[in-house]
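In the part that follows, the structures are each spelled out as structure tokens.
Here come two complexes built around chain A, the first alongside chain B, the second alongside chain C.
Now for the complex of A and B:
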């Protein structure tokens, strides 16, 4: 890994760590949320930005992680550590099954199939209302949210836990896209027929990408539930499938650092504009249109195009 | 000598159109074989079946004694077949060196030094060494063709299928291409689809002529040159010779 790549990504983590000591409580809490959602966006980006597969159903993986963590924690009392692991496994298993079926399609059909699977997961959560309490959701008690002795409901610990997960996801994907298998994913995005005729098993690589992407998204969902103490069906709704697409487009698809800035930008865009007017979605919408017009490759994508061609 | 590649009664129909009809074809190891024929004779369909891009309607294909008729394309490549596209198909937004590295990496895996060495060697061999850092989208068409060829070489295939490799090349580039293929002859078996008869006559050990999806003639360049049936097919005055 080249020094400047390491410096840039390590630098971001260092800045976020410094902000922990500097930020006022309100923004401190926001940033913790942004970092967890950025993990979700990073997971989405593995499939969309690096493999070139556009899913409209990633909320199912986020929700699988969240419910796979929350339900056993709340009803079986297995402890936060095991529950987090259960969340990861749920998302990975769902991604494997969905991948095996959805990857028989491509392009628009893949979008529709993932959307349908995600809707099925959402409806299943509502149908199992006896345990999930449907839209109302499950509130996790403070005592349940103790992770290796750390009280995740404490704002300081919560921030640092979110940062740790974010750093892990960031460096994991940075490592992944520089591996031979990661380079094949990029090759598939660019020209899958060519990659196939270089002897690469496209289906297997795509399936691996779906599972990795789904598992990282699930980790974000599980962490979100643990850190903010709530597991609800809202997170399985279709807008939570659209958000990661927007974040990644804004931040820069196929860049490691982009998803974080996409989430940060959109979070504060909505936060600031809702302080000005009740029609805040209008302001957000206009900003999105402008960004799409003038930086179609997203923030980090534009940076790469203009001056940092080495940006991974 | 047993054939490296052979087909038996290989056929492909698209609806009512018989693109390739019951072709028996044998390719000896080390041979340079040219596949020629008028436009629409089924040449590209035939090699697409060999590499696995198109599934045959009937018939069988064997590579190195093994039936590969049902094998997916990537598995055939793994066995040692390589294919360069008629219409240039490279990774236009990845650097030239990465294009070739992708071709070399399947064989060499994580050995970064070996991948770099093989990629550089393949690029040098086709004369693109100076363009390793460029994007293929910025290269001339002829250079993109050469990049295709370098991607074929970097795989170190046992059989290299070249679909119209000299199309769009300048005369000087064609000369360099001929030198390269002659140089490769000892290392690998080559199946060449080619329209440029000068290239075919100079390079090929044997020539197979396809017409209306069937083998019209097969023989040495001199035999093919003298064949009345081939002359007729190319002149287009009835092909039922």
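Now for the complex of A and C:
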């Protein structure tokens, strides 16, 4: 790993750590949220940006992590640490099953199959209302959200926990895409037939990408529930499958740092424009169209094309 | 106490010291209006009420009318001198009827807008997603949701519902009328998610307590667009159909139910939630003629209309049919939006009782509201007299049962407040802040 790659990504973490001491309360809270959602986008990026598989159902993994954590925590009282692990395992198991079935398809069919699986997960959450409380969701008490003795409802701890998870996801994927297996994923994205001809097991690599992507997304879902105290079915709805696609496209698909800036940009675009007009989604839509027209590779992608060709 | 001094004659030839003193005095006098303005601003700064509005998303029809009600009530409060001598300022943020955005909006109220309270949330899932953050930020959070989430103990000490009754109370108050007037054997048709499940569970229990029985429960998946396959499942011995369908499919639901039953149908009882903001003269709703509805507040002005209802309609701009005075096609969400009006007046009463001066007094405000017990039928509470349970943070009030006749809803029964009582499920006053 080159020094400048380390410096860039480490620098981002250092800046985020510095912002912890500098930001006013509102933006401090926002950035904690952005970092958790950026983990979700990073997970999505592993599959879409690096493997070239466009999923329209990633909300199911986010929700699997969230409910896999929240339900045992709330009903079984297993503690936040074990609950977080349960969230990860739930998302990983779901990703494995979905991957085994959905990867029998490709292209548009893969998009549709993932969308349908996600709808099935959403409806399952609604139908299991006895435990999930359907659309209303479940509130996690502050006392339940204590992680290795740390009160995750405390703003400082929440921010630092979000930063720790974000740093972990960021460096994990940075490491992954620079491994031989990670380069195979990129080869699959560029030309899977050629990768197959070179002797790589395409299916196993794609399956691994689905599981890794789903698990990271699930980690984000579990963390979101723990940090903000709510587990709800809306997070399994279709728009939460579209969001990571937008974030990654905006930030730069196939870049490690891009998803974070995609989430940050979109978050503040909505937050600021909603203060100007109730038609804020129109402003968001126009901004997205303009970005797609003039920076089709996203923010970080454009940066890589113009100035920083070494950007991973 | 202000000390006054009688001015004395100074030296004719002032010394340098006295000249400086005079200049300093003049400078102080010049700046006095600035001090006065600042001091005044400290006490006359607006009370900032963060209004969490469903401006977009599935709740937008409700949000539009919640907003109009809120603005009207705030205007009247300001015209009457504000709260503790301070004007009320409504800070509106759209939550998109989404719990994630709802929580962000609550954070924005507390940490960016420096609101004194958060207020006005309707949809239960948005309340559930937002309330934890309100609790953590110690922001008094006054919801207008009719969900049972507050009184069930799922939320926190900072969340209060003092302006609208909850679904459990509403359903319990309806059961005696259904059992005694319409029939003992009921088939329920409800959406298969939390709102529908609340109706299913609470009404089944209430019917049993009133000598009736729910003989079939038809849960409709939320994605359903056609209902014909469900109607054959309605048992033949059904005497009453109870429906609480919501969302855009309600018109299809009614039309298909009409086609299924034709002229020989059982008695039908529904919650007006299905048809809030919908013109009852809409094509396809003819089948509902002669059926009964729960209303939180009577949409159509009744022959015994109170002066308070007149005052309320006039302030918001609502005609005798429950539509906007500017556009008769713009039908209000009359059965729910009074909750905003009444909640704002509870906030006012609470702040006055607590001597509320600023965010440092937020805890005092909650304690003051918890100490309240009743509000009479009045301009401040035009829906009816209320009893407030400070332990459960939930208000109780009358309910209205109306019959659809000639395209308008006529109230046939007003249930007493006590009909909606149930044992306390929580005592928030024992919880820490």
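Criterion: the second predicted complex is superposed on the first by the 312 of 312 C-alpha atoms of A that agree within 3 Å, B and C clash if a C-alpha of one lies under 4 Å from a C-alpha of the other, contacts with A are read in each partner's own complex, and residues count from 1 in each chain.
Assume a contact is a pair of C-beta atoms (placed from the backbone, for glycine too) under 8 Å apart; a residue touches a chain by one contact, two chains touch by 3 or more.
Keep in mind the model is a prediction, meaning the values are calculated, not measured.
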First (chain B), second (chain C), both or neither touched by A:200: first
Which of chain B and chain C A:271 touches, first, second, both or neither: second
First, second, both or neither for A:24, with chain B first and chain C second: second
Chain A residues touched - chain C or chain B, whichever exceeds: C
Which superposed partner A:214 touches (first chain B, second chain C, both, neither): neither
Which superposed partner A:49 touches (first chain B, second chain C, both, neither): neither
Partner chain in contact with A:225 - chain B first, chain C second, else both or neither: neither
Touched partner set for A:281, first chain B, second chain C, both or neither: second
Chain B and chain C footprints on chain A, overlapping residues: none
In the complex with chain A, residue positions of chain C that touch it: 55-56, 93-94, 98-100, 103-104, 107-108, 110-112, 124-125, 128-129, 131-133, 135-136, 147, 149, 154-155, 192-195, 197, 221-223
Chain B to chain A touching residues, read off their complex: 51, 53, 72-75, 77-78, 82-83, 85, 89-94, 98, 101-103, 105-107, 109-110, 151, 155
In the complex with chain C, residue positions of chain A that touch it: 24-26, 29-30, 33, 123, 126-127, 129, 133-140, 142, 153, 155, 228-230, 232-235, 271, 274-275, 278, 280-281
Chain A residues within the chain B interface of the complex: 179-180, 183-184, 186-187, 190-191, 193-202
